[in-house]
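In structure tokens below, several structures.
The following pair of complexes shares a single chain, chain A, combined with chain B in the former and chain C in the latter.
What follows is the complex of A and B.
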């Protein structure tokens, strides 16, 4: 076996296997799925029911905290464990809240010496009849409690994403691979225009076709994700629609190729169109969504790949996923290219 | 320069001689505006802007279908002996640019007449049209040239122009809403710069790729 020829294909398969196993089998960090009730009155006692996700409440000692945005805490008076996923915490809410408003949002934190610390942000709304911040600061803890930190390898828990966070490895990586393939196809189109060698045209065509396949898979995985997190298979989100439109641009590339019989003419015109097409999709996918509001991270002011979206545990699988999809994409494109060359030889043996 | 001017004048003369085509275009535009007025009722700024650019897009298909209609079929060899193909392309570019600008002016007049919105800053609107038309005329001419090399059908031209023009029209639509809402040109400057950037890139690409398209 010639390793210098095969190494990148082997690497692609190995990385893809790693992404599949590690990406699908690593559990999510324990989190809080829901709390009830989510409204309470200051100065009264509160019995809070907590539903956990991937938690093991029976296996550890649990403490529950209520926290406001300025980091003032109160600790639960008693915690009753119902099962691994359910807790009941008793609180005595002080008469005054450490805020200037009568209504304020609070987060719930569960610290367990088995699962570590989990939080559900801004889930509880507390109401106070009168405001006295000085008094409130005496009644609430101003120093951060000692939360238990457990260093296990977990993917982050996000309330609307749950297990679909794993789709990052497929959905985003497919787009990266698509762009790599399209960029390579433009390179080959330019090479064809410079050297007039039909092999470059076949390569560009194979890469565009594989790029379109990856783009459609990116749209499908995105649509699936949208249904789970946003509640609809398709939304008016700018990035989603611009991505679909960019696929249309490349569909036109295929139509152009299908419309021309003459090999050289087809190659020249489609190569020219291909260069134009990539230039057209850059503003569609990278610039327009940044000018408008979008649900996607990295657009409309949202951070992309920030610590809120991606932690180091995800990065450890995400980057190999991007590399593996790019390598697999080029492998598929290489196979398509070879099929085209063979087809061309069969049709007209004088071409080679 | 003289060659360019002569070609441009020839296109203008040709247009004048086939005035019925321009008349058809104006009739279409007036008809669309009247239909929107009649059936649309009171529409908001976003709908107004969307309809304006959609009408513009349909008219650009119509213009695109005629750019190389004769010059690349009937008179091809004749022209290629007389003028450089690049000059022919540039003259078409200037001609389409002027034609699109005229369409913009007439559309704006008819739209404001039939479907009055709160306020249209004509100056800002025309600056937007001016920079948009640089890129659009370039795309139309380039797509039209591609089309004559393929099958020379309007359907093909539509397939070529529609997706490629969307980045330009998308930004123009977004900027036009800002103008209709009374924003100053400064607040839309990033969108204008983006359109100019796309104009520049598409123009450079067209000039670079043109010799490849005309090689045979």
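What follows is the complex of A and C.
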């Protein structure tokens, strides 16, 4: 076996195997799925039912906290463990809340010495009849309690997303691979225009075709993911529509190619079209969604790959996933390219 | 064969949603992840079958010369 020929294909397969196993087998961090009731009155006692996800409440010592946005806390008076996923916590809520409003949102924090600390943000609404901030600051804890931090290898837990956070490795990597393929095809198109060698045209065409395959799969997988997180197969999210538009731009690349008989003319026109297509889709996919509101992370002001969306546990699988999809994409494109070269040779008898 | 696969790929989302919305939402929506992997797998296989057909055509041409 010729290693210099096979190594990157083997690397792609190995990385993909790693992504599948590590990406699917790593558990999610224990989290809080739901809390009820989610409204309460200041000055009264509150019995809070907590439903956990991936939690082991029976195995640890649990403490529950209510926290407001300015980091004032109250601690649970008693915690009753029902089973691994269910807790009941008793609070007596002070008469005054540390806020100027009569209604205010609070987060629930569960700290366990087995699972670590989990939080459900802005889930509880508390209501107070009279407002007295100075009194409230005495009644609420202003120092941060000692939360147990457990460093296990976990993917982050997010409400609504749950296990689908693993789709980051597949759906997002498809788009990264598509861009790598399209960028490489533009490079080959420019090489063709400079050197007039048809092989570059075949290469560019093969990479565009594989890029389109990845783009369509990206749209389909994104649609399935959207259905179960955003609630609809297709939303009016700007990134979705722009991605679909850029797919159409590349579809017309294929149509233009199919319409021209003369090989040299076809190569010349499609190469220049290809350069402009990439220039057109960069604002469509990278710039416009960042200017408008979008549901996608990293658009409309929310950071992608910042600490909110990506943590180191995800990165450890995500980057290999991107590399493996790029390598597999170039492998498929290479096969398409070689088939086209052979087709070209067999069509012209002089080439034998 | 390709048509069946293409149809499957096109209607796959509606097939699963028609009968199994609860399955997709149960156990932390893990089945959405399996669905995504299945779509990618079927899509790539579909593409490979097309490539295979092109190679069959080429082989016939070469063998006839």
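Keep in mind that, in the parts below, the second predicted complex is superposed on the first by the 349 of 352 C-alpha atoms of A that agree within 3 Å, B and C clash if a C-alpha of one lies under 4 Å from a C-alpha of the other, contacts with A are read in each partner's own complex, and residues count from 1 in each chain.
Here is the rule we use: a contact is a pair of C-beta atoms (placed from the backbone, for glycine too) under 8 Å apart; a residue touches a chain by one contact, two chains touch by 3 or more.
Because the structure is a prediction, the values reported are computed rather than measured.
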item: First, second, both or neither for A:69, with chain B first and chain C second; value: neither
item: First (chain B), second (chain C), both or neither touched by A:103; value: neither
item: Contacts of A:335 with chain B and chain C, given as first, second, both or neither; value: second
item: Chain B versus chain C as contact partner of A:221, first or second or both or neither; value: second
item: First (chain B), second (chain C), both or neither touched by A:164; value: second
item: First (chain B), second (chain C), both or neither touched by A:125; value: neither
item: Which of chain B and chain C A:138 touches, first, second, both or neither; value: neither
item: Intersection of the chain A residues that touch chain B with those that touch chain C; value: none
item: Contacting residues of chain A [partner chain C, same complex]; value: 20, 24, 28, 53, 161-164, 166-167, 170-171, 174, 210, 213, 216-217, 220-221, 223-225, 227-229, 233, 332, 335-336, 339, 342-343, 346, 349, 352
item: Parts of chain A lying in touch with chain B, wherever the complex brings them together; value: 193, 242, 245, 248-249, 252, 255-256, 259-260, 264-265, 268-269, 271-273, 275-277, 279-281, 283-284, 287-288, 291-292
item: Chain B - residues contacting chain A, complex; value: 142, 146, 149-151, 156, 159-160, 162-164, 166-167, 170-171, 174, 190-191, 194, 198, 201-202, 205, 209, 212-213, 215-216
item: Chain A-touching residues of chain C, taken from the complex the two chains share; value: 9, 12-13, 17, 24-25, 27-30, 32-33, 35-37, 39-40, 43-44, 47-48, 51, 54-55, 58, 61-62, 65
